[in-house]
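Same chain, two partners: chain A is paired with chain B first, then with chain C.
Let's turn to the complex of A and B:
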């Protein structure tokens, strides 16, 4: 076990040291994006691994991004306060939708479609309130006056953002691990096998599911807010709606749903793929990345449902141990 | 789209009638999805994208190859029916024993494929048939013929499916498989064939919807998103696999969208419909017509 902790420690130290050694802005930009999306995908996988497949996470992300930006632009509320507010808003939204779902045993297809409605609502509300949110044209948080970058959580240099994203990503992994080691995991696994049996065994089905959903929604909203602060531009298509929700599902499935670094691997693959196609084909690449995503998603679900990392780790484990 | 918006601004009654007309097409879409779900127990998340491909098929046959609308329409229906069968054969069949969520996600992948295929192959421009049907005026109310035609054709399509299911041997077999899939294979019904036929039927309904929608909407690769989600909500509200429930739910939704659009923007009509859906899920989680257990 010790060697494993050591590996994590060395890896983390290397990641922290990276921006001080290597300063190529474009590559750092890609890394920041990978870290932020990894965090969002990790948030999704916390629910998804227990069979709670949500297509509403695009909605939570949209709430996180837009509430933060709107509070800053219209009410001068610093993102330091705005982000927690937006997370609470997403949490409340998650509870309002999820509680009846779980209370009335809406599972499987029904749960997927109810959450799909949720991201549909968020997308339509953002588009409908175009006087405030800019509608489908997108929205930009106001630039901070010079010198107040910290207050506005706006930084020009990539290194700062890299460290913030790295910190949040590590926190995400720790939350994943915490859930993985907690009693909740056993409760949730029992629930995903058979709700009645789990309830009979003394598991509070509704409360356990709500807890997992709430954690996942709060993290997703944070990811949305960070994405907004980093990119300084959000549009309904990039942070909310069904496409974003499906993108999360796709990345997590490809990376590996049941392992902690699976969503991260998924984020690396999807973002690298999109970038390679974008650089390789230029404007001709429009659409190609999603075409490849789609084909890969279908192939993975049919042949490798545990994802790349999950399958690799499985193979390593089943090999007979020497010494 | 403009004609679609303009008709909402005049009278309540007009909005109500338009809601009914919209409901016809939505009911057709919901019927296709319900058929697939009821028989194969799979949700095609990419259903609206099949419609989109059908709309492009119509566009190319009518605008590029110059076929008359009435000749092109059956081809479009056949094209999407073949697509539906192919979707089942390639994607769903290998996953029949997998967890239901995997099947749903795989069709999500197909959604990506179809959308981006359309983007790559046809570009992101908005295209239309260039057919402008006249507008019917009753008193001071105006209804476009394209919507009346869509409503009538949707009803005929639904009736045809109804008689097919009730009167033919294959239809009876499909209904039997929907009731109990294990027993029917013991009774000598080739379930694989039935699944394939059902998928083709579901595709054909999507194709018919495409022929009707292409008269009202411009085609672009993401057009599926504007009526896809609402179709799923209708199916869930009516109870997945419940044909009558889906039919009623389609008209309820169409009225909410139509009336919501009358008092405010069209988006708010959709928001209202979504919110109504979530509230209804709390009251009747198993669908409108579900019996209380």
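Let's turn to the complex of A and C:
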């Protein structure tokens, strides 16, 4: 156990030190993207691991990104305030959609369909209000007028962004772990197997599911807002909609749904894949990543349901016992 | 402790429970018997909040609980087992029971939940080891786990549904003794549902008999076993009078 904490400590120290010794901007850029998406995927997995498969998370991410940017551009609200507001908005949206689902026991495929509709609706709203959001052309937060970007949460320096993303990623892992060790995990595992029996053990089924959904939606909105602040450009394709939702499912399942670092492994794979396709095939390959995700997703669900990291850890765990 | 008045449950046009009224006194074991499909489990499902009654009232400690959400009813002190055990396979035996100990008692603390789980597991005779898997349990073990889960919620009233189903003679006797021990040592009032009379008759204080959703008899086990309507129902189904006589003999023998 202690050696495990030591390994985490050393790993973390190395990650913090990295940008001070290695400053190649392109690689740091890729790392920032990986960290932000890892956080988003971790957020998704907090629900997904209990069988609450949501295709609505693109919607939450879109709300996080667009609400923050719109508040800044139109009302001069600093992202420091705009981000919490956008998270609350995503949280309210999550509750409004999830409460009736949970109350009336919409589970399994039907739940997936409802959340899919949520993604679609958020996407429609963004394109329909194109006078404000720029529609499918995308949207750019205004540059900070004064010199310092701190108030505007805008930094040109990659190292700063790297450290912010690293911090948020670690917080995401801590939340994952907190849920994993909480009584809520028992309750959610029980609910995912048998809602009536869970209720007979005293579990308020609707409340427990809402709690997990809310945590997941808030985190996802934060990921969207950070992505927006970092890239300084958002479009429905990159932070919202069904494609983004599917990408989350894909990444988490490929990385590993039941291990804390699974979503991170998924992020490394999805972002590398997108970059390789972009560099190798340029604009011809736009959309190819989604195709590859789709095919790989099916293969993984069938042959490696625990994902890459989950399966590797299983191997490591069982091997020493045999010998 | 419990006062049920005019309880009715309809599924579509079918009436599963028809105008049933009864009372349960603090500290007693009430046997609820009746052939398969007579509405016993449906009554339990209404008492525990899993089903909402079509009509009628259920007063528990003076408060109306008909239609109240299951987790609220559990927290007020009614624990239940399911006729067919419903363990959570993704949790260990201990975690199954600790979950009930935590949520069933108003989410006090994890330490208290673990304590409740250990006590309940010891009571029913299951290992208190934290990681033992549910999948290793046989029919009798699963029944015990159901009981431990219900006990961990800290009930004042325990609803035990067909605790004997799928058990052999010896296991049946053990299960019956267990229920009596739970009443005697923990002071928990019990309603025990069973479709055969068997060992039930020697443990319960009072019996109530259901047939086609209606109460056809109620009273002391000896009186009920001799009730012509009960004999008729049981002769018409899978039990016979020798079974009733055997139960009666056992009870008189004072075991």
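The rule is short, and it goes like this: the second predicted complex is superposed on the first by the 314 of 323 C-alpha atoms of A that agree within 3 Å, B and C clash if a C-alpha of one lies under 4 Å from a C-alpha of the other, contacts with A are read in each partner's own complex, and residues count from 1 in each chain.
What we mean here is this: contacts are C-beta pairs under 8 Å (C-beta built on N, C-alpha and C of every residue); 3 or more make two chains touch, one makes a residue touch a chain.
Here the structure is a predicted model, which is why all the values come from computation and not from measurement.
By the document's definition of touching, neither partner reaches A:312: not chain B, not chain C. Using the contact criterion defined above for the overlaid structures, shared-chain residue A:294 touches chain B, although it does not reach chain C. By the document's definition of touching, of the two partners only chain B reaches A:101; chain C does not. For chain A, the partner with contacts to more residues, out of chain B and chain C, is B.
In the superposition on chain A, no contact is made by A:261 with either chain B or chain C.
By the touch criterion stated above, A:16 is placed in contact with neither chain B nor chain C. Once the two complexes are laid over each other on the shared chain, residue contacts for A:30 go to neither chain B nor chain C. Interface residues of chain B facing chain A in the complex, by the touch rule stated above, are 37, 43, 91, 94-95, 98-102, 104-106, 108-120, 124, 221, 225, 229, 232-233, 235-236, 240, 265, 267-268, 270-271, 274-275, 277-278, 281-282, 285. Within the complex formed with chain B, the residues of chain A that make contact are 51, 53, 97, 100-101, 104-106, 108-110, 112-114, 116-118, 120-121, 124-125, 127-128, 241-243, 246, 249-250, 253, 286-291, 293-298, 301-302, 305. Residues 183, 186-187, 189-190, 192-194, 196-205 of chain A touch chain C in their complex.
Remark: chain C residues 48-50, 69-71, 74-75, 80, 82, 86-91, 95-96, 98-100, 102-105, 107, 110, 113, 149, 153 touch chain A in the complex.
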